[in-house]
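Here it is, the structure, as structure tokens.
Chain nomenclature is as follows: A, B and C, assigned in order of appearance, with residue numbering initiated at 1 for each chain independently.
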Amino acid sequence: MEAAAVPTVAVPAWRANLATIGAMMTRARNELVRVPGAAIPGVLAPTIFFLGLNGVFGALTQLSGFSTGSYEAFIVPVSMLQGAGFTGAAAGVNLARDYESGWVDRLLVSPAPRWVILAGTVLAASARAMIPAVFVFTIALLLGAGFPGVDGMVICFAMVAAMAAVAACWGSFLALRFKSQSAAPLMQSGMMALVLLTPAYAPIALLQGWLRTVAEVNPVTHVIEAARQGFVASVTWADTWPGLLALAGLLLVLGGLALREMRRTAQ
Amino acid sequence: MPAIEVEGLERAFGDVLAVQGVDLTVDKGEIYGFLGPNGAGKTTTVRMLTTLLLPTGGRATVAGHDVVREARAVRASIGVALQEAALDPLMTGRELIRLQATLQGLPPAEGRQRADALLERVELDHAADRRVGGYSGGMKRRLDLAAALVHEPSVLFLDEPTTGLDPVSRKTIWEEVRALNDAGTTVFLTTQYLEEADQLADNVAIIDSGRIVAEGTPDSLKAEFGNPHIQLQIAEGSLADAERACAEVGRLLPPKDGRLIEVEVENGAADIPRVVRALDDAGIAVESLELVRPTLDDVFVAKTGYHIEDESEAADEEAVEA
Amino acid sequence: MSALVLNARVVAALGMRSIRQTFRRPQLIAPIIVFPTLLLAIQTGGAGGAVELPGFPPVQSFLQFMLAGAMMQALMLAGNSGGIALAVDIEMGFTDRLFTAPIPRFAIVLGRLAGTAALGLFASCWFLAIGLIFGAEIEGGVLGALLAMALVTTAALAVGGIGAAIALRTGSASVVQGLFPLVLVVLFLSTAFFPQELMIEPAKTIAEYNPLSFVVEGVREPIIAGINAGDTLAAVATIAGIFALGLLLSDRALRHRLRAG
């Protein structure tokens, strides 16, 4: 074959890495755009939980200890974070599917650094998590949850994006560890447990025994409190920084595990 | 410097040694054939050379870089089309090659130009904007090959590139490989098809159970290990008697087919009358008889005692049972 | 040998296959048991203060109240899972093998339902054991526990019929799997997780008329209060109705599949 006489201009590494991340995010978007109904499960699950929990447990606000009379306002950040967890875990399932089909080999055999490949998967999940988050947020406002203020909304959505990244790191870690889609239930239930073993249903003071103990040590409790603050009270730095720190810690640990597994695929 | 240099390469999976002490050298500009049945260790070797798998022993360099210590440099120098064409069914052909260009670090404009040129080259320009999910098997392989070439690698790894393809698609791939090689690309090709190795490769290594059992040019291998053999089918008489009669003239080969007898002879066509006389004396009538030149399968049989196809079938059955 | 005996043997054989399939793959059972157990733990710990609400039925604990809901969740997931398994059989071509055998067509469905019922029985035992371990009392005693188990098992059979009908109609495992959110919706719109009087509209009104609520109350009553004829009869009638619906839909779907090929 005569190679196309095209000159090669060296591309700085940072630009090449950004381009790779962008290309992977574009590919992830294909599933949403090109598979009819692909976005529906990711939106349906948190919406059903939001509406269902509100319909079932809404009377809990009558208990003293609740700082709001609106269970919608109380629970909407939980449902948004649940959606983020579901979306991130789904990214892990997709990675496992790509591994089984051999697609991951195509990525691993390229000169793209391993962290770039992981970043592409994780950032795609963060972006995708905005879809169910916006949906649930809108429904909540329509049902009477008060607007949390611009600052409250920004913080809530930032928590959602970061939580999706955490979930994608968890899902990617399991996908590369087990190299199989059969790890999907573990990806989903792990995230579900992380989000719900918190003051998800009621303030921490009203939680029963063992759940209160777990919620007090679960870092996602701080994420929920940070995401919830605008909906039930006002936004303060004191309620925000623990959530940011918790997310940073989770990203460090789970991202580190995922990266390690990606580097170990050759072993 | 050789394009690929391998010394004592080993890969263990638990107690199983899938590749045991492989040594080989591939010169620049060569087509190197790696021939063996399923489960012989071909894909494991390719995965080590393409940095997808770490060796558990030995060393290897590809395009001058160590596959373990300089893995990224290796990846930047090689093109790979693996056994399972790893394609995304939701992407179009054009999108896939452009993605590959991005993965290889090419500037966007250059990546687009090369993608278009390659699609035309492998005759997929008419289908470039259709989703890969709708491509035929042959089209997918051509696309995979094109994607492996987008960054003009100096070494191209093809892992069983024509397995499962019809004869026409296979010939198309062969032509592409020859053309690439003519332009200077070193090709490392694994295959279980004798004809493919025979037709394409400058040098062939035959691997079985993780070891190289023979290496050389196809002609030299056949000449060194293969003798002509007579292949005959009897019309009447006992198969056992016929085999006994043939064994008096030459060396009986393992039967490939129930009614076919194959006997290796030293003197080629000159031994045909002796075979016919022996059968006649035994009261055996012959339906057909031909002198068959040695093939790489004969070389394989000489080294291992088995036909390469039998080994592949047995390996497939074991895989199914597992 | 009478046709009845022969047919019973066929159903038993297919039933055993279904049961073996169900319990040989822990990764399939786990979500049916683990997910509801996780939710039970979380909801009991998170919403347990609800027993203080005025109007909440007198119970020993929120866990005691919630056991029935957890069992309902598990049996609904079991019905969905049975439908998925049948759809996989259709996709794999295994049902074609059965269709060409000299067996009554409906034995195929009945055999599949046996696996679902077994899973329902397992789930009821599991959650009763969980309840007892964590301090919940079964007010109806041994009889009450047995009644709850019987209702859950037969409800699983009935729901399994609906799942089987969907599988036969669509022939697609992913479609049946995609109905999982519907399972959650139906459960939330029932009294599985909270007393109907304390739910928020419109869930409150829907739960009042949701057939699943009758089944839930039938399972719950022996646990929190003792055996009550009215609740039991209502549950049995509802289960019978769902079972009949499932049989009708399955029969129609089966005929359609055999006609369409």
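The rule is short, and it goes like this: a contact is a pair of C-beta atoms (placed from the backbone, for glycine too) under 8 Å apart; a residue touches a chain by one contact, two chains touch by 3 or more.
None of these values were measured; they are calculated from a predicted model.
Trainee: Tell me, which chains sit next to both chain A and chain B?
Mentor: Joint contacts: the list comes back empty.
Trainee: When you take the mean of every protein CA atom shown, which chain's own CA mean is nearest to it?
Mentor: Central chain: A.
Trainee: Report, in whole Å, the distance between the mean C-alpha point of chain A and the mean C-alpha point of chain B.
Mentor: 45
Trainee: Centre to centre, by mean C-alpha position, how many angstrom separate chain A and chain C?
Mentor: 31
Trainee: Can you compute the centre-to-centre distance for chain B and chain C, using the mean CA position of each chain? Integer Å is fine.
Mentor: 54
Trainee: Within the complex, which stretch of chain A touches chain B?
Mentor: Touch list, chain A to chain B: 1-4, 6-9, 11, 16, 19-20, 22-23, 27, 30-31, 34-35, 101-113, 265-267.
Trainee: Which chain A residues qualify as touching chain C in the complex?
Mentor: That would be residues 41, 44-45, 48-49, 51-60, 62-63, 65, 71, 182, 185, 189, 192-193, 196-197, 199-202, 206-212 of chain A.
Trainee: Enumerate the contact residues on chain C facing chain A in the complex.
Mentor: 27, 30-31, 34-35, 38-39, 41-50, 52-54, 62, 178, 181, 184-185, 187-189, 193-194, 198-200, 202-204
Trainee: Under the stated contact criterion, what part of chain B meets chain A in this complex?
Mentor: Where chain B meets chain A, its residues are 50-54, 72-73, 75-76, 78, 80, 82, 84-88, 90-91, 98-100, 102-108, 110, 113-114, 117-118, 121, 131, 147, 149, 152, 176, 179-180, 182-183.
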